[in-house]
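One structure is given here, and the rest of the page talks about it.
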Amino acid sequence: MANAVKEAWKAGKAVVNGWLAIPNAFSAEMYSKCGWDSVTVDMQHGVQDYLSCVACFQGIQPSGAVPMVRVPWNEPGIVGKVLDAGAMGVICPMVNTAAEARALVQYSKYPPAGTRSNGPIRAGAYGSSGNYQKTANDEILVIPMIETKTAIENIKEILDVPGIDGIYVGPSDLSFSYGKEPKLDVEDPEILAIYDMLLAETGKRGIAAGLHNGSPAYANKMIQKGFKLVTIANEVGLMCQAATAAVKAARGG
Amino acid sequence: MANAVKEAWKAGKAVVNGWLAIPNAFSAEMYSKCGWDSVTVDMQHGVQDYLSCVACFQGIQPSGAVPMVRVPWNEPGIVGKVLDAGAMGVICPMVNTAAEARALVQYSKYPPAGTRSNGPIRAGAYGSSGNYQKTANDEILVIPMIETKTAIENIKEILDVPGIDGIYVGPSDLSFSYGKEPKLDVEDPEILAIYDMLLAETGKRGIAAGLHNGSPAYANKMIQKGFKLVTIANEVGLMCQAATAAVKAARGG
Amino acid sequence: MANAVKEAWKAGKAVVNGWLAIPNAFSAEMYSKCGWDSVTVDMQHGVQDYLSCVACFQGIQPSGAVPMVRVPWNEPGIVGKVLDAGAMGVICPMVNTAAEARALVQYSKYPPAGTRSNGPIRAGAYGSSGNYQKTANDEILVIPMIETKTAIENIKEILDVPGIDGIYVGPSDLSFSYGKEPKLDVEDPEILAIYDMLLAETGKRGIAAGLHNGSPAYANKMIQKGFKLVTIANEVGLMCQAATAAVKAARGG
Amino acid sequence: MANAVKEAWKAGKAVVNGWLAIPNAFSAEMYSKCGWDSVTVDMQHGVQDYLSCVACFQGIQPSGAVPMVRVPWNEPGIVGKVLDAGAMGVICPMVNTAAEARALVQYSKYPPAGTRSNGPIRAGAYGSSGNYQKTANDEILVIPMIETKTAIENIKEILDVPGIDGIYVGPSDLSFSYGKEPKLDVEDPEILAIYDMLLAETGKRGIAAGLHNGSPAYANKMIQKGFKLVTIANEVGLMCQAATAAVKAARGG
Amino acid sequence: MANAVKEAWKAGKAVVNGWLAIPNAFSAEMYSKCGWDSVTVDMQHGVQDYLSCVACFQGIQPSGAVPMVRVPWNEPGIVGKVLDAGAMGVICPMVNTAAEARALVQYSKYPPAGTRSNGPIRAGAYGSSGNYQKTANDEILVIPMIETKTAIENIKEILDVPGIDGIYVGPSDLSFSYGKEPKLDVEDPEILAIYDMLLAETGKRGIAAGLHNGSPAYANKMIQKGFKLVTIANEVGLMCQAATAAVKAARGG
Amino acid sequence: MANAVKEAWKAGKAVVNGWLAIPNAFSAEMYSKCGWDSVTVDMQHGVQDYLSCVACFQGIQPSGAVPMVRVPWNEPGIVGKVLDAGAMGVICPMVNTAAEARALVQYSKYPPAGTRSNGPIRAGAYGSSGNYQKTANDEILVIPMIETKTAIENIKEILDVPGIDGIYVGPSDLSFSYGKEPKLDVEDPEILAIYDMLLAETGKRGIAAGLHNGSPAYANKMIQKGFKLVTIANEVGLMCQAATAAVKAARGG
């Protein structure tokens, strides 16, 4: 049950991550085969719930991409359920304080590191020859989202919480909370300075920084900058961009 | 219940058509808003069945694109069901003889033109102020696929069948049946000569010729050539092409 | 596995039948508890397919109403599947000849009466203490729809086909095929004369005549006339009538 | 993205609201076309979850009725998800204190008014030409339910919370919490006096009062009294009432 | 709406309980007919959500087994929803303190015993001739899970909370929290001593103790010991054990 | 895209085959990991349709078992769709004549061997590095069911049809058509003599004979006898047998 994202990070490599908003296993299956290192089911803003997440995980599996999830909220019931379903990483929105980060770790780890309940119904079937419970705490990534001014103010305490493997930056919420327009692929210097700080602070602690991006070019630039987990839009966004361009081209435009 | 595809054809215009393989209403909804004149649910080779077709039709509706369907086979049960669900056009695979074309017309039209059974459960709710049954025979397009050598040999008899509004060419099956490699965006002269013949024969009879394409550029070329209904791949294909390119670009490739 | 509809008919009573167009088990469950003798899943014009039919059957079961189905077409695959799912009656659209009626009987009955394949996966679980296969041919109703001029012309031969338990009249298709407006609750004398003939011919042979109705009042009149299976609109129609009236009344209209 | 309910309220008009308990898009689609000003998906007591809510929203859309939702509980994850799906109003059960009302507002509004996370995956596709984020805080209705003795005791503080657009009264829970039988269409003087107080207090603050009703006649009376949002039972209730009456009438009862 | 589990307990009998992890009504239907006294939908570790729970309840109903649910977490929204769907017992994971137990009781009972909101959409349809609200508080079982060291330390206060009908022991989480390997069918003396203590303390208070088991033999031993609610694995586990054995036997192994 | 079943047959080995009646991907996923060589989705008597078949195929994939399907009927639409979904074998019920066998081959093979339409939407994604169309005719198994007296009378002509890879015997239908009780694990000498004849005739032609069995012991005996494809009941049957035994054992029975 070695987690290829964790191994990439150990080797100093960045991970290119897909993002699933369409609640359908076939769509997930085809999309996952496009070369991603990991694919994340977005249960917060995507059109996803628990059962569609399970279906997407089944779709992801043949591709070999690492299945992760963004949970809708920092709530123990859903964190436990997606881990049992086989998530190898949990990205959690709106973690603003060390207490919230500690809660997330608690929900995500088996005793004694946390309070996750035992019963990995689907995850256990694929884990290390029956050894899932012994390796889960080490292999599964716990990744709070840093996306508010409050979180930035509390960043050191958050990053010091044991069990945090990385952070994930939501640029549009972060901009929003600083009174700026919510958008991806930010060029605003104040926000970029925050990125630098986050890269420095995560770097000191040996944990990874991730970023949500709107375009491959920006994602690539951010890899150069030091981000270790970069996502490019979501599958429905890529599809609609491609479709809009195709219609225009077919019309000779 | 005026059919915008029919109106475009009357005005001599070509129609750019989308193609749905993903059995999901949300995916259909987003894709349909990308500028298509019509969107077709592919029940033959797409991952679709009757209930997913209904869901996709609901997804298509707000876009204003004309909802059509490719049925899995020339069978009266399913033709009736998709029409009742609101299909404004039926594309039927593998129509090889005039008898098969006549059967398709029978299944698709109310008496006296055909034997379609009355009960347009969803279609009637959106049709011409309760006038659905009076306009359906005129407005709904009946489009046999021409995609075998046998069909080409019988083409005049097929095109002479009353009630046929157009034909739709499946290039890969057509190539296959001529002993060639099955592919889209064909440049084989023998196949292109068949296209010319089909455009000439349909033109004489005032009916439209449609073509399945793999790329917008080829589709545009075919519009120039005279095709009146051009499809570009399907939504899952566009998504995967875009995703593969995005992964590569994010990696700096 | 005694069929309460069959027993009612033996006792000379008419059966009031519900009709399901909404593909949902909860909706079916609540509707079925409203007093119907039988409830039919409409796979022809309703928004239903095989799996939604199974779900509706599960919803119907606690009510004690007899589960029946209108199949989308006279096709052996689907007839077998709905019987295996537990249908106690099969209403089949557009049976126009004795040959078609014989085919329907073949698909619906185990050998030697027919060619139904053995495997009543859900039906067997509720049948006569493991005796399903021995009683199915007797208990399950085979009911062709009589709804075209052709069927009327062939009516005696159709009714003489062994294994037919009743007929079901589709008034709107019948009117349509006679060049009249397709509608329920017909008052046209020519159609009413056909009803009289059908009641006479079925009466002679000891089989039941059923009718699709638009209103309870008309259905009651038809019971008086001799019809033994009367349906009133469908659940979505009743809901929408009630909702429209409720909105109006709430507005003081 | 103008909200027609808000506009009606500005014009002093009452809104007649539908209520969806059946988790099905087709059912929602047909019901929504019956004349309602708004239609609410009931995720608390209805048989609904997040994905069925999305499906119902797609069903509601062609009708032009304003899509709203009653969330199952005052929890940030689900409030965010239904807003992203396109809810134009959030009705939240069991809001008993100003703190709970403030939390609801926080979950429902973008910064700086609240902490809603940005990502209106379906909502954004229909909002004000890409302007969704700028208008959402103004246009989306935040409506706590007032349905306990505690809430009545705290009513002024609750109503003073900035961002509250209206309240919605649950008569059966309110009666229950006062030790009375839980029922709709209440005639109990103590409860009616509470209604008067609520109309007076909301009136002072220029916000709307809504009420759940069991019958159109009572709803109409409540409109006369000053309620601005009246719901009549739910779709499954209307369907079952109509079905029970139809069965009886067909039997000549 | 008498609860047969409660009656069995009053009569001093133990109840054999099934456990559903597969989110499918047909599977639930067949499994429920195998002789269980009660069948529990496992929303915590099973592949279940709210709508699949409703579907499973519909599948359970014809069997006469008492429908119960293990909720994913001690959260008022989901507790209310599964009760409205017809759960006759709520098993809640990870109840560690009296406060948590009191909260669970609050969520599960109508006023004045608790704060459950009125609207038993499916439950009410099957309850005591419209008397559901009057009997629900008495008939529906509230069963906190005791599965951590903290819970054991607080056990007397937890058991003293009014409204608790029984407890349910999760052996693998309990072992885990004591630093032991998480497993069922425990033979560890320290854990067995805890079982003895729990049987003694529940016995004193006249409430039942339940246990999750891995094998029928162990379950039977625990019935002898005094447990009143014993579960044996889940349906997918039984299926896979049986399938593995069948494959081996077919190969002559 | 080498077919492991075909390879086993070439090596003279028998294949142990699973059988899926539950329309659920998770159930299929867990069951498929139990050691089967192949797993067949039963669309005829199982509670399966096309979309549940796709879901089950996704569930089967990680196990490495060969995915096959029993289609509901010998109909070109559904045969094409399940092949496109990735079936590596098609078992077709009730093939009684050489003409029916030839039709099945036609539906299952690409030109020039047949008339299958090109578009392997899911199958192509896993086939031989883009070579699916070139290998499909060779690798995909076409297996008519021999299960009637008529089929036995026509057996030589059926087996001589080019493209037939094996036959599959349905013992209960076969017994039924000979006027015997429909059952599995037959000991009737007349039927066993037919098995001998079938083994001899298939052996002469180098094609495989398969058999549906009720118990592993009988299946093993049939492997000894020469059958090359043996199925043991279905997953729901195994589950219910195991559950019934577990309940009994837990009660000390």
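Letters are used for the chains, namely A, B, C, D, E and F, taken in the order the chains are written, and counting of residues starts over at 1 for each.
The criterion applied here is as follows: a contact is a pair of C-beta atoms (placed from the backbone, for glycine too) under 8 Å apart; a residue touches a chain by one contact, two chains touch by 3 or more.
Predicted model, so just to flag it, every value in this text is computed and none were measured.
Novice: So if I look at the partners of subunit A and the partners of subunit F, which chains show up in both lists?
Specialist: The shared contacts of subunit A and subunit F, listed by label, come to B, E.
Novice: Please determine the option from B-C, A-F or A-B whose contacts repeat those of C-F, over half of the contact pairs being identical by residue number.
Specialist: Matching more than half of the contact pairs of C-F: B-C.
Novice: Interface overlap for subunit B and subunit C, more than half of numbers shared or less than half: same or different?
Specialist: different
Novice: Counting in whole Å, what is the centre-to-centre distance of subunit D and subunit F, each centre being its mean C-alpha position?
Specialist: Between these chains, centre-to-centre, one finds 53 Å.
Novice: Distance-wise, how many Å sit between the C-alpha centres of subunit C and subunit E, to the nearest whole number?
Specialist: 42
Novice: Could you state the distance in Å from the CA-based centre of subunit B to that of subunit F?
Specialist: 34
Novice: Can you pull out the residues of subunit A that are in contact with at least two other chains?
Specialist: Expected reply: 21, 23, 26, 30, 33, 47, 49, 51, 54, 75, 78, 122, 236.
Novice: Should the pattern of chain-chain touching be classed as line, ring, star, complete or other?
Specialist: Contact pattern: none of line, ring, star or complete.
Novice: Pairwise, which chains touch?
Specialist: Chains touch in the following pairs: A-B, A-D, A-E, A-F, B-C, B-D, B-F, C-D, C-E, C-F, D-E, E-F.
Novice: Which of the residues in subunit D come into contact with subunit A in the complex?
Specialist: Those residues of subunit D that touch subunit A are 49-51, 54, 75-78, 80-81, 84-85, 110-112, 115, 117-122, 133.
Novice: Of all residues in subunit C, which touch subunit D in the complex?
Specialist: 16, 18, 21-24, 26-27, 30-31, 33-36, 47, 213, 216-217, 219-220, 223, 230, 232-233, 235-236, 238-252
Novice: Provide the residue numbers of subunit E that touch subunit A in the complex, in ascending order.
Specialist: 21, 23, 44-47, 49, 51-52, 71-73, 75, 78, 93-94, 147-148, 170, 172-173, 176-177, 179, 182, 236
Novice: Using the touch definition from the top, list the residues of subunit F that touch subunit A in their complex.
Specialist: These residues of subunit F touch subunit A: 25-26, 29-30, 33, 54-55, 58-59, 61-62, 122, 125-126.
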